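The following pair of complexes shares a single chain, chain A, combined with chain B in the former and chain C in the latter.
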Partner chain A sequence: MIRHSNKRNAVRMSKTVRRISAAAAGLSAVALLAGCAKNAPQDTWQPKGPNAQKIDDLQKPVFAIAGIVGIIVFAAIGYALFKFKDRGQPIPEQTHGKPVLEIGMTILPAVILAGIGIFTFQTIFDLAKTDDTEMVINVTGQQWWWEYDYPVQEQYGITDPIITSGQLVIPSGTKVLLRETSRDVIHSYWIPALNGKRDAVPGRVHTLRLEADEPGIYAGQCTEFCGLSHAVMRMETVALSKDDFAAWVKGQLSLAASPTEGSLAQEGESVFLNQCVRCHQVNGLKKADGSPAIAAPEDNVWSGAAPNLTHLMSRNTFAGASWNLLTKQCRKDVWEASSEEFGKRYLAGVTEECLNQTDLRRWLRNAPAMKPMYADPTKLEETGGKYRGMPNLGLSEDDIDKLVAYLATLK
Partner chain B sequence: MAIIERPVPVGVPDIPAPATPTRTFGALRRPVATTGWKSWVFTVDHKKLGIMYGAVAMFFFIVGGIEAVLIRLQLAAPNGKVLSADVYNQMFTMHATTMVFLFVMPMAAAFANYFVPLQIGARDVAFPRINAFGFWTLVGGGIIVNLSWFFGGAADGGWFMYAPNSGPVFSPSNGVDFWALGLQITGIASLTGAVNLIVTVLNMRAPGMSLMKMPVFTWLQLVVQFLLLFAIPVITVALFLLSFQRSFGATFFDVSAGADPLLWQHLFWIFGHPEVYILVLPSFGIISEVLPVFSKKPLFGYPFVVFSGAAIGFVGWGVWAHHMFASGLGPVSVAVFSIATMAIAVPTGVKIVNWTMTIWGGKLNFTAAMHFAIGLVVLFTIGGLSGVTHAVAPSDTQQTDTYYIVAHFHYVLFGGAIFGLFAGFYYWWPKMFGKQLNERLGKANFWLMVIGMNMTFGPMHMIGLQGQPRRMYVWTEARAGEGFFNLAFWNRVASIGSLVLSIGVLLFLINVVKTARSKQVAPLDPWDARTLEWMTTSPPKEHNFDAIPTVHHLDEFFHRKYAQDPVTHEIKQVATAEDIMRDQEANADKHIHMPSPSYWPIILAGGLPVIALGVIYAIPVAIVGAAIVVLAMYGWSLEPSTAPDTDFDPPASGDGTKELAPLG
Partner chain C sequence: MFTNGSKYLIGVTGFSAVVLVLYIALVDGAVGGVVALSSIMLAVGLLAGLALFNRDGDVQVGDVAAPANAESVGSSLWPLVSTVGIVAMGIGLITHEIVFLLGLVGLVAGFVEWVIQGWSESASSDRRYNASVRGRLIHPLEFPVLAAVGAAVIVVPFSRIMLAISKTAGAIVFILVGCAVLAGGVVFALRPNLKKTVVIGLCAVGAVGVVAGGIAGASAGKRDQLVEANEEDHFAHKECGEEKSKYFDFNAEAKVSMRSNPTATIEFIGGKLQARELGLNAPRTRITIQKSANISVIFRNKTEGEHRLTLHYGEKEVQEGVVEELHTCTQMIEEGEEQILTFRIDKPSIASEKPYTFSVPGVDDQSIEVFVP
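Let's turn to the complex of A and B:
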């Protein structure tokens, strides 16, 4: 008796389930998409380059399959809960299972997963290809910023190595290979619109392909927990058209010019020479005696590096890409520029009127207050007298004015 | 060892007590209290230890929960100011450590301790004193791990404690030392517990209970104990390397000395992945008991559940590198581990099918325990399906270390492990305490927890897929996107959800207090249960069963109560639980010898935290701790497992062997 009615129920059930699950699948897809933020800069579902696109092509169907399976399971459970509620029916037969059903339900998911597995396999090896690389950039992580080092590549006009930080600038439509490593702990380089993440591990070199379809800025964030200020270790990748990229390279290869005699900026230069040059290099900067000023971060900070500031104002951000050098409106103009306009706006750099003085001054006043660092003088013992980030330099407001004036000349 | 009772074959009465020396060789006489705190602190009774495991785990659940709420308060708005970066990093490290090592594992151990012997018809575990030692070791380890809060800050490297960030330079406070040594100590607790339960299950089952007639909970606990037995040594090695690096200048993970920091990741995840199954399989076991009872049907496909559990136990060792898809392993390793991870989804899926088919065609009674069990099936399915999306390695490189992963494993561990434990509370409370938890409060507790849990962790799917990484003490509006449903909105929802969840948990605590105060005694068999633990009084007598039952069926108790009419195939009740109990008492075993309490387990366990403190602060202190350990081992090994009454402090009057048999 029980068995019969069960069978009938099962037949009726399957139709209902199909209808309900189709409706629910549609509804939940709509709900999910409607529930998403618009234009989240790190959205993993908005690929802007072929590598991220490959991942997206693979994962979208997997999400769909998982969703459908989920809805079928929930429909079955929901139906059973409603249908088999104790309404005084007799105690059911004490069956211990149906091996055919069991084996079927083991094979079915195995087959689905095997199908997913084949495509996964293919994509893994596709993404690992490096033999068609067109450009190489060395990327080094340290607490809590990234350094980009462009080795000499004549075909792009890079006749001398370029060292920069904060924003990684690449030519669009070019297969770039990042060679990642780290100077201290493990970090992870991640620009969701362009590719998945890859850890930068000290003592190892890992590769990651990046390619952007269009010029633009693509946001990212360090995604391997790397200590105190992990949350404020961000990065941006800037894609420029090939011509704009050549212009950018040319700018980066130039040396910093001395500020005009008697200007506030020139006073700032001497503050820089007294304080900042211990860690920060400015290519072309000369000491009072005319000899080149060479930074010695290896003597002063644990990771042995500090951002090269020669072309600070060519980037839009500072301090691990966590604060903007551009004011809000100016930054918006760059970010929201069309891909044709973008290169021109970006290459304009940070002009006097666009400079975000507030954050830059706050930083110079007391860097560790903005971005926690082990820059506490009482904690120097563990690190052999070296700071783990930029300490509070105790600059006077006067010095800060001068420094800001000088930094603004580093175009 | 301390085993002195074995299943007594029916009809062979009066087995003589093992000969015991007439006096103790140790420095201490035996504890004898049967009431008051001494009866708990020196007990070797698996049931008392089970309750104490549960109480300690519950305490740490509250601690870990407070840590979680603080994390969510910090993240409720951009640039949160509730916690500093330093304290936030300590908070999420300790939240995970506490929940994994000090709540879910001990709570699962609580149920294992209490119910495995009862389910297999045994009178205690194989090694009762080691059982007590394991419990006190856990307490010592938990104290050491948390003591760091008061001595310069807790561990701040994340529960995964990746090298080289865990090294002395990058984590200069003593937090990581407390963490490593504390977990080392709780590891000893897990190892001794594992050996104890494996021996118990393999050797001490009631006559007739073949392995395939064993209750599923016991089966899955057995699998878990084997996982512990092999996983804990791996983390032990890793923690030793870490401690030696930090305390004695070793260079196992020092890159400048030529080390490869990925070594730590491999060691950690070879332990860490089986650990996931260690956390979740006990709860699978619990609901595999609860669903059949409240469906009035046997578990659908019992052998499939058992074998898929064992399969998870094996395949679980071959998937650890899926935690490392972004760490640069190379495409071949990534592909292999990606496929292996998909493979493990199959036995997990089998379980979902079996649970669904168990309720299918049943006679469902929606008690609070049943609510939690069904909650587990649904929530774990969500977690399992999101798991499949990152078994696909390329898509995992977009998802790993984002909130999507946080969402995934909270559906697996909160929706899976913790909901199972709550099902266990409501189901077994009358057995453990003789009183039923309030069902109405229980259901309110369930709904608040379900709503709170989905509000907290559901939005994290979206937050993560839209690019918010984990372990960030602040998030910024600049990356939160636009529109009403931006990441700021969902972060706020998640934070509110954590408060709803807390109220749900609070309701459980209120229920416990209310129940403890109530005078209403639970019936003997309140749920019409199916397994042996219900074939005794509630709470069970110290010796568990007056007569060790002989087992003929899976679900023995049910089959004693019900029989199928051969003609009409109708299932009819043929006996009540009370009838069966009377029968048991009438046929009670004559001599039941229970293991005697002992001072040594707690003394031995007490030496370990002293060693840990010594390693951190002053080596001579460690030597004192080691001396305590050695002396306690000496005293312990000279102490006979059962004692004559004269051995007790104060000696009891009367003669000969201590017998706990108020029979008849």
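Let's turn to the complex of A and C:
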């Protein structure tokens, strides 16, 4: 009887073991296949610029060495397991240590690590260099989006500073230096295809080199946990050919023009002046009395800033590069364009037929419902009346229609 | 020692104290509850004291503990302290809060001591034993309080003295007092047989000296320098002019120790002002700075004489119709010295008619434009 049940247990056991190993094999297969995913824009194994290439050149040999060492170690363990399996043989003679082996096994890893160390330090110093910079851009993080501003650099046509958000536009083949800081908590800028990460720390300026070989869009996301919506604090770096970049600069330097008299967009402008200008700057926007409308995000937003919307429609994404301003098809056209075609498509911006109205309207209707933000008007005591993020403004559908028409003119 | 009734009442007192604390911590803004709970606590505490004092009113216990031939107990200071406390509370109500609080402290302390003493004196007929019973209960409370009072008696008068005399005199007084204390310590250590009265006398003279000095210092007021600086608001306001400020520029820092990657280095070289932005190597006369972020720049004076760097960043309406110019600056520093200037600009340049600038007061034709997008 007892035997019987033991046997049954054994059968059941082996079934469980088999199931577990099948699941494990399945999982690792999935993991392995994920490594081959085609649409993986944040893949660290596909450097698209010299800085990321340097990291790749360092990490590949290190992985190889580590892999070889790992195989040797596991082989040695396997050998020992089989060779000295308990077959009832007597316990072998016991000796105390083997100095040659011990010293050797200490020195060998030390030498390997020292070798890796030399190359690592060299790479770190290379990546910290700032004296070969060709262009600087200020990058400012805040909950939960990135702002970029471009100091005057005449050689690129930047005769006045430029300010934008979400998508960082750089000329390809140019050594760009980002000067990062933060307005609230620590964030971290990371475009895996172009370089490693660098923390943006309030009160400090940290530099990060960025250079893209080819025109294209390179995705990334904040990699320092920064609160509620950290997961949707994304960013994209857009590299344009030098000519396209000059065209982009020219567009960014222009002021927003007032919409035509009597249009829906013009009604949108006045809604904007009532509802939005206390946080969002639109360069060139004038108040009813003709004086320039100056935003006051420092009085309304915890971080002291809100995206400048002067050229909203020149970017493809919004709210921390997490939602598309382009419809699916139009976005695909941009992302999958060849590097020759890319610039032209990107510079076209968001045209009327490409505007993703659904998400933009959803945002205007109730932004915190889309992106969790600390923007509940009833809980502003802790922040001294300031919002973290964009609040739900309780706009009517009518106002939203007008606003969308107005925002669509901000090219 | 403790009778059953008093144990119970002490327990209830403690419990209501805990409840009161929790109530204050967890329920905010409810005054009624605090009043009710503290009344309960006080009433039960009073009952506990009474029960302790008369041993639950159990005549027999008292009879056994204190036979007829017991030594009569000594007189007590505590009723007097309590009375003074009550009177002080009354005076405090019409004069000053502090007097009321001191009175309250006196009342509570006197009452507690009184109860404990009364209780201990009826513990047995042996006075010495009674004193030790009292000590066991009250010393853990008395000693820390007395130590704190003693420390305050030294610290408060001494700080008054130091604020009244000049800085140099202060240093000398500090050295002298330190030496005197050391000398006293050495004498006491070398002559352990010194008469107790002599030791106490010396300490008393020292204490009286400190207290008297403190009173004198407090009535003399703070030294002129402090008074003046306070009146003229030197601690709150930077004086960014061409003139050297007596207070703001006093003891200027000369070397930057924390080089936390400033955005730019601004140098005043041979009468010319130029900026080097991090990452851009050529000197420039216009720099871009992020809005609403804490930004640091290093200022280096490489021109003969003492100079400061001033940042003007627009105006702000502080009240209806009152517009204040916004500026900040480094201290005046000598040639070859450097200093960090940290600031935050909340408005973009387009908000101001005048451009934002860095300049050196007294040098009119040199400035660096600051652009805030």
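Quick note on the criterion: the second predicted complex is superposed on the first by the 374 of 411 C-alpha atoms of A that agree within 3 Å, B and C clash if a C-alpha of one lies under 4 Å from a C-alpha of the other, contacts with A are read in each partner's own complex, and residues count from 1 in each chain.
Simple rule for what comes next: contacts are C-beta pairs under 8 Å (C-beta built on N, C-alpha and C of every residue); 3 or more make two chains touch, one makes a residue touch a chain.
The structure presented is a predicted model; accordingly, all values stated were derived computationally and were not measured.
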| request: Check the residue A:Arg361 against both partner chains and state whether it touches chain B (first), chain C (second), both, or neither. | output: neither
| query | Just chain B (first), just chain C (second), both, or neither: which does A:His206 touch? | reply | both
| said: Just to be sure I read the superposition right, which of the two partners does A:Arg278 touch: chain B = first, chain C = second, or both, or neither? | reply: neither
| said: Tell me the contact category for A:Thr133 with respect to chain B and chain C: first, second, both or neither. | reply: second
| query | Per the overlay, which chain contacts more chain A residues, chain B or chain C? | reply | B
| said: For A:Thr95, using the defined touch cut-off, is the partner it touches chain B, chain C, both, or neither? Pick first, second, both or neither. | reply: first
| task | For A:Pro151, decide between first (touching chain B), second (touching chain C), both and neither. | result | second
| request: Please indicate which partner A:Asn39 is in contact with in the superposed arrangement: first for chain B, second for chain C, both, or neither. | output: first
| Is A:Lys344 contacted by the first partner chain B, the second partner chain C, both or neither? | neither
| message | One more residue to check, A:Lys411. First (chain B), second (chain C), both or neither? | response | neither
| field | Overlapping contact positions on chain A, where the chain C interface meets the chain B interface | value | 202-204, 206
| Along chain A, where are the residues that touch chain B in the complex? | 2, 6, 32, 34-45, 52, 54-55, 58-59, 62-63, 66-67, 69-70, 73-74, 76-77, 80-81, 84-86, 89-99, 101-102, 105-106, 109-110, 113-114, 116-117, 120-121, 123-125, 127-128, 143, 180, 184-186, 188, 190, 192, 195-199, 201-204, 206, 219, 221-232, 234, 302, 322, 372, 374, 379, 382-383
| query | If you look only at chain C, which of its residues touch chain A in the complex? | reply | 260-263, 277-281, 286-288, 290-296, 342, 346-348, 350-351, 371, 373
| How about chain B: which of its residues touch chain A in the complex? | 84-86, 89, 156-158, 162, 164-165, 168-172, 255, 258-262, 295-304, 326-328, 330-331, 334-335, 338-339, 342-343, 345-346, 349-350, 352-354, 356-357, 359-366, 374, 377-378, 381-382, 385-386, 388-389, 391-402, 462, 465-476, 478-483, 485-487, 489-490, 554-555, 558, 562, 564, 569-571
| said: Using the touch definition from the top, list the residues of chain A that touch chain C in their complex. | reply: 130-131, 133, 136, 138, 140, 147, 149-153, 160-163, 177, 179, 181-183, 202-207, 281, 283, 292, 294, 297-298, 303-305, 308
